[in-house]
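Before anything else, here is the set of structures, which you'll find just below.
Two complexes follow with subunit A in common, the first pairing it with subunit B and the second with subunit C.
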Partner chain A sequence: MNRLHWTQTIDRRILYLVLLALVVIGLLVPIPLPLVVGPQARALYNAVQQAPEDKLALVCTNWSASTQGENRPQTEVILRHLMHRHIRFALMAFDQQSTNLARELAEELAPQYGYVYGRDWINWGYRADVNGTLKGIVLSIPDTFKTDSQNRIPLTDLAKLPVMQGVHNTKDLSIIVEISPSGVYKAWIQFVVGSTPAKFGYGPTSVMAPELYNYIDAGQMVGMMFGIKGAAEYERLLIQDGTLKKPGFTTRAIAPVSLSLVLLFVLIGLGNYGMYATRNGRKQEKGS
Partner chain B sequence: MNPQGWSTTPGIWIGAIGTLALFSLLYRENRVYRLFEHLFIGLAAGYLIKATWSETLKPQWWDPMVGGQWPWMFALGVGLMFYTIYSRKYNWMSRVAIGILLGFAAGQIFQQTANEYLPQIRTSFKPLIVHQADIKAASQVTAFGQSLSNFVFVLVILCVLSYFFFSFEQKNKVVQASSRTGRLMMMFAFGAMFGATVMARMALLIDRVWFLMHDWLRIG
Partner chain C sequence: MKLSTLLSKLFPPLHGWPLIGALVGVLVLCVFLFFALHALPPRARKMVIAGATFLAGLFFALEWFWPAGADGTNPLTFAVPTVGNVANVLTAFTLGLGVMSLIRIHGNNVARQKAGWENSVVLLAGMVVMAVSGLFFEKTIFFRSLFRDVLNSFDAAMFATLAFYIISAAYRAFRIKSVEATLMMIAALVVMLGMIPIGQALTSFIPERGSFLSLLRVDNISNWMLTILNAAAQRAINFGLGVGALAIALRVWLSLERGAYFESSAE
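Then we have the complex of A and B:
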């Protein structure tokens, strides 16, 4: 029996424990790992930074509890950036959980920046039909959503919802950012992107990010946040420009992400090497 | 350790117990895991029904209908026609509703294809020789670097496209080589996607561990 045969019989629960220990250590102990801001996150940051202050920004969130580990930090950095620049914004969702999760996040951040619901931000709510809704807002936002989600006030009632001042359709938006683990971004590109001067940015989960470079290359997306790493890069930019005073959970999470990936590299290498060594050992035993 | 100790919020405790119950599968299959799995599925399904009614159907359909816009009542009839698919006698009615939907989808597909793919096809035509004057002033890329980048881009596109030549047998050695290269390039892409998938899963784990540590145990 080869001396590396043990690598083939490690109880998976031991690996889980090692992984958990690394994650806990990474979260508790500050490890100063380098974090280079990529061009995609920088492009999205620049787009938000250059968005006109007199227009409404739109943040479409389609994430639920299952991917909030990546999508919530992405939503948070975008909302913080918009609020720091005093850009009024609207939330909308094509996921039934997301409409409340994003609203809770906005309500948590709003007092820090003096944002008032109805005046500085609004929640248009959840819609089930992606294509119909997006085609609708290209023509008329008040006709598509009719009322806000929280108080059921008509979007045309500017006395109660001054945030909707001058907002008729997607041409009146300053920037559109979608945060999502789903393929809804395609519908935005298919129905909305060409119809408005507003740039379209995206916050996907890491799983989806590799397939999105085509869209960035073609100019259909202005930039993106590559999962939690992209959110950390964006947070780094917010710290550099003074929007954030100190790093948050996102930056803290990068160390355990890196440590866990290093562990996986080691385990994959060790497992493969052990498998080949064991196989060669068996061949030699048969030959002798 | 935070002097406040463990969280006293019931919602945090429910979340923590649910998280630990689902993580218990990592040790081995057990009834607690199954119980919480079914609870989660039931909650999500129930929430979907509630949200669809309160966020879409009620404000968009019910309220206008009872508020005087009575023609909205016909939408219910058209919607119910989908369910006639379960009846042998009346399933022809479902075809009417499905036909309407298919018509909408077919009409939209032109716009969808044109807006999604044409810009990408257009930008795939890249110059193989780039002059310094074509480079943006602020860019740190050299003309040679951009030319090389464009050459690799075009080469990979051609190789990958040649892999999908299924209309004839690939006997030509040039086509065989380019097809094999195209397959190799796609393997690189799949590897990148798999690596990104692993990173996504780790991020989700870290979020849950942070919730248990920070929100529940008040550590860190």
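Then we have the complex of A and C:
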């Protein structure tokens, strides 16, 4: 047997242990790494930066705990940016878990920026049907959602929900950002994007980001955050403009991702090297 | 008279007892319709379902294609939010259908003590506890603890284990045995290197932009591959998907779709 045959037969438990060690080291040990801000994250940042302050921003979250590693930091940087600019915003969700998770995140951030529920932000809640809801909000948001999700107050009750002042349909929105690991963006583009002057930005998980470039190319999507890396780029821009004082978990999370991918390259290289070495060894044995 | 005005006159907004009465009346009517539908012979039932499907699809198609007036609406536009709400309610019913199906299958497992029936007990108990806590104790620490500390942790942990499987699978299965596999490997390597700071550090000595050499930065090559090569391929795939989706949508709308799922209950 070829002496390099071991490179093809490493026990999977060793691989798991190495990966675990790299992730833990990446999270605990600060590793100074350069981070280039890509054009897509910069475009989304610029769109939020230029969004009119007198209109309502809409953040649609469709992520659950399973993808919160990527989607939660994306939601956090968007909410921080909106709050820093004092833009009022609404949350909505097409995922049952997400309506709670995004609300908890907003409640956590709101006191830091003096945001008050009902005055500066609102939660429209969860809806099961994507197409019907999006077609509905194009015409009338109060008719589609009726009440807010937290206190069941009618959206037309401006005394209790001043955040809804001047908000009738999607034409009255300043910017729409969807954070999602699913294909809901297609419905947004089909039904909403053409109906409103508000720009549409997106925060997908890394695995689904490649399918979105043609929508950015077509101008239907203003920009996006490429998974956790995109969120870290956005956070970098927030640090540069003074919204954030120092890098948070999002930037720190890039190190374990980097190390894991390097491990992936090394293992693929090792497996292939072993395969070719073994094959050459066999050929030489036959030749001699 | 406009259709919206006519409907508003026929069905004025109700409040209090008249609203409760109307809701009970609708409920009774729905129950009657449900049993009437079940009592029909399969062929007639199929025709009723096909008719309802056609009308539902026709509304959206007509509303979409009907030319809009000066105010940007047509005579059907006013009903879109209401139809959207009806669709939301119908979609919510599918959740109930899923719950019923789970209870039936796992209840059967427990009753007959099939292999792994203990797992079914845990599933049913978990479902009941989460539903009860969410419905009646939503604002309490009990629900928050179950949702945040148990459900969220389990969900995140299950998804996180994928990383371990991906590492193991890529190591065992990704063998470069053909030209296509080689191209795929090179593309994956460049794109992933361009995505991570360690990869970006390799060519960080080259200026980011403003120089011909910038084209050789790994992050710029990665971005070019994603925005040019990948976008073109994705566009082609999307065209194919769009044509296929149109064909499927027409078949479902006109009840032409055949197969076990569509036929077994009707025939």
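Assorted remarks:
The rule is short, and it goes like this: the second predicted complex is superposed on the first by the 287 of 288 C-alpha atoms of A that agree within 3 Å, B and C clash if a C-alpha of one lies under 4 Å from a C-alpha of the other, contacts with A are read in each partner's own complex, and residues count from 1 in each chain.
Definition applied: a residue touches a chain if its C-beta (ideal position, glycine included) is under 8 Å from a C-beta of that chain, and two chains touch if they have at least 3 such contacts.
In this text the structure is predicted, and so the values were computed from the model without any measurement.
On the superposed subunit A, the positions of subunit B and subunit C overlap enough to count as a clash. By the touch criterion defined above, A:Thr75 lies against neither subunit B nor subunit C after alignment on the C-alpha atoms of chain A. In the superposition on chain A, A:Asp217 contacts both subunit B and subunit C. Using the contact criterion defined above for the overlaid structures, shared-chain residue A:Asn62 touches neither subunit B nor subunit C, since it reaches no partner.
When the two structures are aligned on the shared chain, A:Leu28 is found in touch with subunit B, with no touch to subunit C.
Of the two partner chains, neither subunit B nor subunit C is touched by A:Asn123.
By the touch criterion stated above, A:Thr170 is placed in contact with neither subunit B nor subunit C.
In the superposition on chain A, A:Asp143 makes contact with subunit C only, while subunit B stays out of contact range.
Within the superposed three-chain model, A:Thr243 lies out of touch with both subunit B and subunit C [touch as defined at top]. By the touch criterion defined above, A:Ser180 lies against neither subunit B nor subunit C after alignment on the C-alpha atoms of chain A. Residues common to the contacts of subunit A with subunit B and with subunit C across the two structures: 16, 19, 23, 64, 66-69, 97, 127-129, 131, 135, 206, 210-211, 214, 217, 226, 229, 257, 260-261, 264. Residues 10, 12, 15-16, 19, 23, 33-36, 38-39, 64-69, 97, 100-101, 104, 127-129, 131-133, 135-136, 138-140, 143-144, 206, 210-211, 213-214, 216-217, 226, 229, 254-255, 257-265, 267-268, 270-272, 275 of subunit A are the ones touching subunit C in the complex. In the complex of the two chains, the subunit C residues touching subunit A come out as 60, 73, 77-78, 80-88, 90-92, 94-95, 147-148, 151-156, 158-160, 163-164, 166-168, 170-172, 174-176, 185, 189, 192, 195-201, 204, 208, 219, 223, 226-227, 230-232, 234-235, 238.
Interface of subunit A with subunit B (complex): residues 13, 16, 19-20, 23-24, 26-28, 64, 66-70, 72, 96-97, 99, 125-129, 131, 135, 146-147, 149, 152, 186, 189-191, 193-194, 205-211, 214-215, 217-220, 226-229, 249, 252-253, 256-257, 260-261, 264. Remark: subunit B residues 26-27, 44, 47-48, 51-52, 55-56, 59-60, 108, 111-112, 115-116, 119-120, 122-123, 189, 192-193, 196-200, 202-210, 213-214, 219-220 touch subunit A in the complex.
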